[in-house]
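Look at the two complexes coming up: chain A is in both, with chain B in one and chain C in the other.
On to the complex of A and B.
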């Protein structure tokens, strides 16, 4: 009887929920795509898309007046309020941990793969509040919403590289133009305190549906993980919000350490000696399976990329298979669902690098020089294709590192080739306030490596400007390279531009005082001051007179 | 009260006059007894130097950086990993038996890394030396750590040649095998916060120098190398593993870097801690045994008489003193020459804290099992670092692996000597300005009154023309640099013997021109006094500046220059002049003849590694000695 009551209650609630969502033009879609990578790792991408049909971003002119009340069923209210409060048209926030390995893993599904936090926003101009005020408020609001230090991305880190970060959706045509604000915070550590607010934005939280696989214990044990919040507007659809979580896990490492019982978070489970360590399943990747479906999701899809020319087995059998992608539609599948992917062959690491590269360009960026005053930024760009590639190169460098643009050199096989760089746009930094923006168009000849170098000086900071753990140095944001598409490369949303490639971040050593010794410093400073004061005071107050001296016996002038 | 004050007060009416007179009297007293002050300073300095090994001056080591937390983790390195290290060793021994070339070895090692799933590459390099060239190939691998930005890195390295006999050809196969097995083992941890770089460098020092230069993209004129195909972030710490024997009894620590640089002490202290508590392996400073063995004492100090050796052995304090003295002497001999005591020494120039772990060859009881666990735990410790090692000391002298001296307890010894020399120089400078007119004094002597004669003495001020003295000094330094340029040129290397016999006498005899200098009139200060004054002041400045850069070098300079420069004086007879001069010349340039191996080694270190010792000796030390020699040649 009691059981029957509970079931009917559930049914009731679900039904009202579904009816509500149907009625309110809010659609929620969830998708998980998984693919095995060259080095035996597995990349998984969770995408949760909510579309608010027929809604336009708030016009900045209306910011002073009272906004229409917001009633959402599945659209996250917390985020919606922030977006409307600051009149945001398009927003991209990503918080990643780790270095995305483009050579081995190809492009990520969500392109923002730079280490640390990155926020870029397109906002319409005009209205009672200036862009800067709204950008400032937005950062602080998001900072609170996601428990991240986004508020520190102040004007010292804000740039506007609109050639590289073009909008993914459309911008409404208002009487004033839209402007870009971009900032990145490479030293932001991303962990479970950021995931919890992320999960709260989902209609089913992590209780049911695909989101139930988001197990922090396993996600934060992966090789790379990143979460992204993307808000865009399509004129035909409305406002779309896409919450994405990506991770790269290493079944080989996990199975090995499981066997040894080395991971504290894992209990050694079944003996895996008979199993190829490259195999994965929801259990092995996330230590969970999908027990319930999310009732409000319109579509709930799991995509598994299938290997080409290799044996594999996939369990249970997918709903559809097309073009090397197996799809599972949750509505067709029985719960609990645990997808098992098996490789019959034992995995061996490729000894020779594979001939076909997954990205057109590979980038290596280093900061040379162990001095605390000077250095040199050096970027190596290698073209893997048989045709020359044009790429947009962007540096958004905090003022801590000052570029000397006249020392910019581009070399091909140690021979200077200034013709390979063009369209340089440069906004120099201002000490203690504005970062540098450097954008340039670079041409890389086929199958060649070019080297770009530029001398830099490292700024001398005020002692209050040093961060905690000052001896660590400062993290510098990644450079962004966008290879321009010439027909063969994948362009995600725009036909004119390829996908962004983020370089690894850098660590710079600045001259750092010894903060652990204030006592010595105080003593030393006081001594110097007392000495100076004493000498000058003495000279000022002394009366100079002539003394007639009769020498004592035995005393000579020499002795004086 | 008033009476009391009157008693204390001097009877002089004007207090200012009294004060000036008091001051004059004091200055006169110090001036007349400056030799006592100087002698005391010299004695104080040298006694302090002798006291450096004494246990009272040092203190026990301690961990300063809280983040390190050494020996606080469970280690998982087990016999399975030892087996994999053994397998790697077998493969490496096969390579050795095949007499594989550098390139083949590097290729093999890089392939092994790649089979572990770690990105690896090789790097070929070639040094062009004045007497030929030296080429080789390094293998390295970079393991990106999960969820890290890849802007910090730790290095674990092993050179192909062991440091035994300064790279005399003993192979470091077990060290290389340890690194390979550790690479496999470290991969299964997900907790690394920094990238781990594995470097198997070719040769002894050359390979690592080429690798580090390529990593930091520095250029060196005599080095051609491939740039690195893969790269990581800023390296903070590095450990170099040297395991030449079959088993080991102790782990020895070598920490001196190029040009006297030392790693942060925390690094070594944590290793010592971990080795003791996690690995159960005793740690030594360098590769010689602990005190307690009479035979060790006999072999270390063979010049001590037998009864004294036994007496020392019986006295625990003396025994400790001599053990520490031996450690400190090794440290000084290494640091003073600016030489790295192992491959780790090359890291310091790029602000990387590094040291070498030397597995002391013995019949047992330790092997891969202990070493692996210790290095694992050590890497977990350095992995904890949130910032660069900065809390502990960079200026220190290790007396033993658990005792060290802070800078304040050894630095003043050399400074005292340099102060004594400065006083000497200033005394000579003042003396040069005054000339006692003897005629007056002699006339007074005739009166027979012993009280009044000094009263009648007349001091005459005289000129101190420094240009000549400075000219001599500059020309000696020019001579030194000429010698240095000659010695580093390829022409010298080709015609070593002939040049030597041709040039040396010319170079050494040229200062004999000083014999032709005429005595100066009484109204002008003699050149010898001026030269000596400037020479002493300059030498003193050099020593006191060097103390804060490289204490060992400063101490050696203080010993070599302190008294010899102070006692240089002109004399009347020619044979004594020549005799004195030859003594100084031998002290200045004798090393070229007496220790040819050492000399060529110093020049090699300058050529390849940029060690400043050879130019320093040629440009600073030898000219200073030569100036003292010239003082002896000049007329008084």
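On to the complex of A and C.
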């Protein structure tokens, strides 16, 4: 009876599923937002959103049984299969290269800006497969899908800092709770081989629409670049996949090298004399323009942030302008499209950068100490506001670096202030298996800098645990600082968190052996053993006799 | 040895070394012997711990199983009223059997007259009726008069042992298949593209009936996707009348695996692809050319062991996009179901034979299904026999190859499953198929066991090179001392035989 109920329930689910995946329930939206930064650089964010209306994430209880057929129009099948195979409710994968300059650039549009790869997933508990098995399978599937070494984010790098990484969407209410799995791989470098599979997930790939601007030669030449894959669920909308690519390009650098080329050719053109180095266009940023519209995109929007109190010119004229944002809604008539943004005033590089930071806190983290066994982690937090700021501080440190929590000191102007840190939650690492998770709530007084220090020891690795380029050292994942929006922590269930700030990654130098060692050790040990053996054996079996020497007259002992 | 004290030594205040206990000859010899005994005892232990695990292979069993042939009894019953035709039919069928030994391999045809007793369900029955030939379950209705015997025997031959499909079109047997339907627009931005399709209707009308019939043999998973930019890797050639053509060579490189993401990444199941390819507006209509260069009327083709492709040439006067309704798919999906039947190796009925109560095309009769199951079982058993034989040959050939318990377990399981398949062949066809599939899976798992590769690149020479620094330097003094002691002992014997006192060695032994 129960079996039949379950079967009919499955039938219902699969039937609604089939009905829901009809064409009208899949939407694809594409958006590009561009803004000029204070230091003359240009930040561009490509966002491709696919919504699968009325679909719920797969319930983990159904993982063992046969899944309903998957029929998609614009939703990427390759990713959809992975999500359903492992019952993933929410997924965030980001791969970035470079260091995001929070003071000068402000917050990025997509918050995951830590160097290297970062993957965090919310999954419902229960069902025939454990969370660990699904997390393992998911990592392997994603590393195959995106040609990245995500499979190496094993349990030695997996943590569950659920206070900092709260779900962006909603979690369905099932009888078992949802759990977080988080891992980061700072040494992973994003490149063309990751962008190609990323583009294949888009309905128009890079053949038409906004995605045709994704030119790997230019994107990976930029000062900072990163891609992100975000899967969320909204009860009223359904499953949403957001594929994002962000880059910070430097028109100054490009125009400088162009000028140099022009000086060499001694043929200055007319346009170069009137052109400011800060000007940008699609041609100069991506070396491409949008030639054709993506036919399946519901909306194709380009947003350009307009400068305040400064002269500019924008070509062609945007569809709407509101609140310092110019919007272009692309239609078949508007292509080919190449947006030109010009600054009539000559650009002067801010030699003394404005002291006002664009984020409330600036963070500096260093690993001090020259020894290969001991060191000290030191974090400087500076508050730029006139009021005190509370922030969540998270370290997810691999076991390579071992914290001594009792040496944790927090100082304001060299005076210890233990009252500034509270709500410490600490999961110590286990050598060779589990990383450290340290979360704490830190208060930074107005316009002040506090210093956090903690002693660490560096682990001694087994011979086989060293990576192929062991002499380079190990990259340590970034720490995450999340300023609280209204300065209070309402409780772990619903903290009102602001945007995440990632610190730069660290490099730790561990004791590295000489890798030609094994054969040397064999030879050396054998020589010592053979020497000892020979000596003892000789002593045991030697026959001692007394030899008498009778000296002939006239001979001395020295003559012998 | 001289006994008593040497007065000269006594005078110098020295003790005679030969008087010391440990300088006694027998002690020294015992010490040397002890070393050698330890070495001789340790050699087998060392040999055992450094040798590769090679369990004894059940080679004799494998050989004997490989010799065996599966025999499927096929019982054909002639109605009592027409018992007279039995000898004639038997003779004709025997002729056919001898004429095509490959087709009838493993099949054992038994003719009998059906009695009044309730017949077995597995038996095939013949019934008499004038007019067209009909199939009803396992019953074959045909004109049973004696002059129709040559035709009847030919039909029975095609039904029970259908001719194999030429070429390697048919997929290898797999318990699970993934059916991937893809609608590929070559370039949707150039206009006139297909936006959506009513895939669920197409599948339920044309594919599901076949899949449900084939569920005894395989499990199927379905998936579909639409792509809006799926470029070809080559330029189709231009032919007269503003049309474009695909030559026979183009068809072999038609699938652009680099740009089309068709394959699934979550499972290792065999994937059968069905692709509707809509050429871009610039290259319409796209025709398939024959070997003579003239366009063919067909616009679909089949890639062996990969799937089927249908080229959908949209009318030239078409709006910017369109949706394929279930009516549109009704003209495309019959091609796919035909291709699926070919790819799965389902035998065709002879053209003159009809299925009774067939309300749809492509109804698969019991006779076809049985013939396919017999063929698949035979293929699986042959496959597993070949694989097992190869493992035995491989392990015998490469002496450094480890052969552990997991591989042996797989081989034994495979042999057991084969044994089971032989036993079940006469009782239940579907059980025999399941067992043969299991035998094949186990045999291939054993063949590809990663444990067999472990020490392949760590040869014995390497081992000696590692141990040489210890062995060479430790064994040389042992041998030297043993030899010297042996010489001394011989000299001593000779001395005793000659009645002389043995000369004292002048020089101390050098280590």
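We take it that the second predicted complex is superposed on the first by the 464 of 560 C-alpha atoms of A that agree within 3 Å, B and C clash if a C-alpha of one lies under 4 Å from a C-alpha of the other, contacts with A are read in each partner's own complex, and residues count from 1 in each chain.
Definition applied: contacts are C-beta pairs under 8 Å (C-beta built on N, C-alpha and C of every residue); 3 or more make two chains touch, one makes a residue touch a chain.
No experiment lies behind these values; they were computed from the predicted model shown.
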Looking at A:221 after the superposition, I want to know if it touches chain B, chain C, both of them or none. Which is it: first, second, both, neither?
first
Now for A:472: first (chain B), second (chain C), both, or neither, which partner does it touch?
first
With both complexes superposed on chain A, which partner does A:81 reach: first (chain B), second (chain C), both or neither?
second
Give one of first, second, both or neither to describe whether A:516 is in contact with chain B, with chain C, with both, or with none.
first
By the touch definition at the top of the document, which applies to A:529: first (chain B), second (chain C), both, or neither?
second
Contacts of A:110 with chain B and chain C, given as first, second, both or neither:
neither
Quick one: is A:252 in contact with chain B, with chain C, with both, or with neither? Answer first, second, both or neither.
first
A:540 in the overlay: touching chain B, chain C, both, or neither? Say first, second, both or neither.
second
Quick check on my understanding: which residues of chain A belong to both its chain B contact set and its chain C contact set?
545, 547-548
Could you pull out which chain A residues touch chain B in their complex?
39-40, 97-99, 101, 115-116, 186, 220-225, 250, 252-253, 256-257, 260, 262-263, 348-351, 364, 366, 368-370, 376, 378, 469-473, 475, 504-507, 509, 514, 516, 545, 547-560
Chain B residues within the chain A interface of the complex:
14, 16-17, 20-21, 24-25, 27-28, 31, 76, 111, 114-117, 144, 146-152, 187-190, 216-218, 230-231, 233-234, 349-351, 386-388, 390-391, 434, 454-455, 457, 459
Using the touch definition up top, name the residues of chain A that touch chain C in the complex.
18, 22-23, 66-67, 69-74, 77-78, 81-82, 85, 141, 144-145, 200, 203-205, 207-209, 292-296, 519, 522-523, 525-527, 529-531, 533-535, 537-538, 540-548
Okay, in this complex, where on chain C does chain A touch?
8-9, 14, 16-18, 20, 22-23, 28, 31-32, 35, 187-190, 193, 195-196, 199-200, 203, 219, 221-229, 231, 261, 264-267, 320-321, 323, 466, 469-470, 473-474, 477-478, 481, 485, 504-506, 508-509, 511
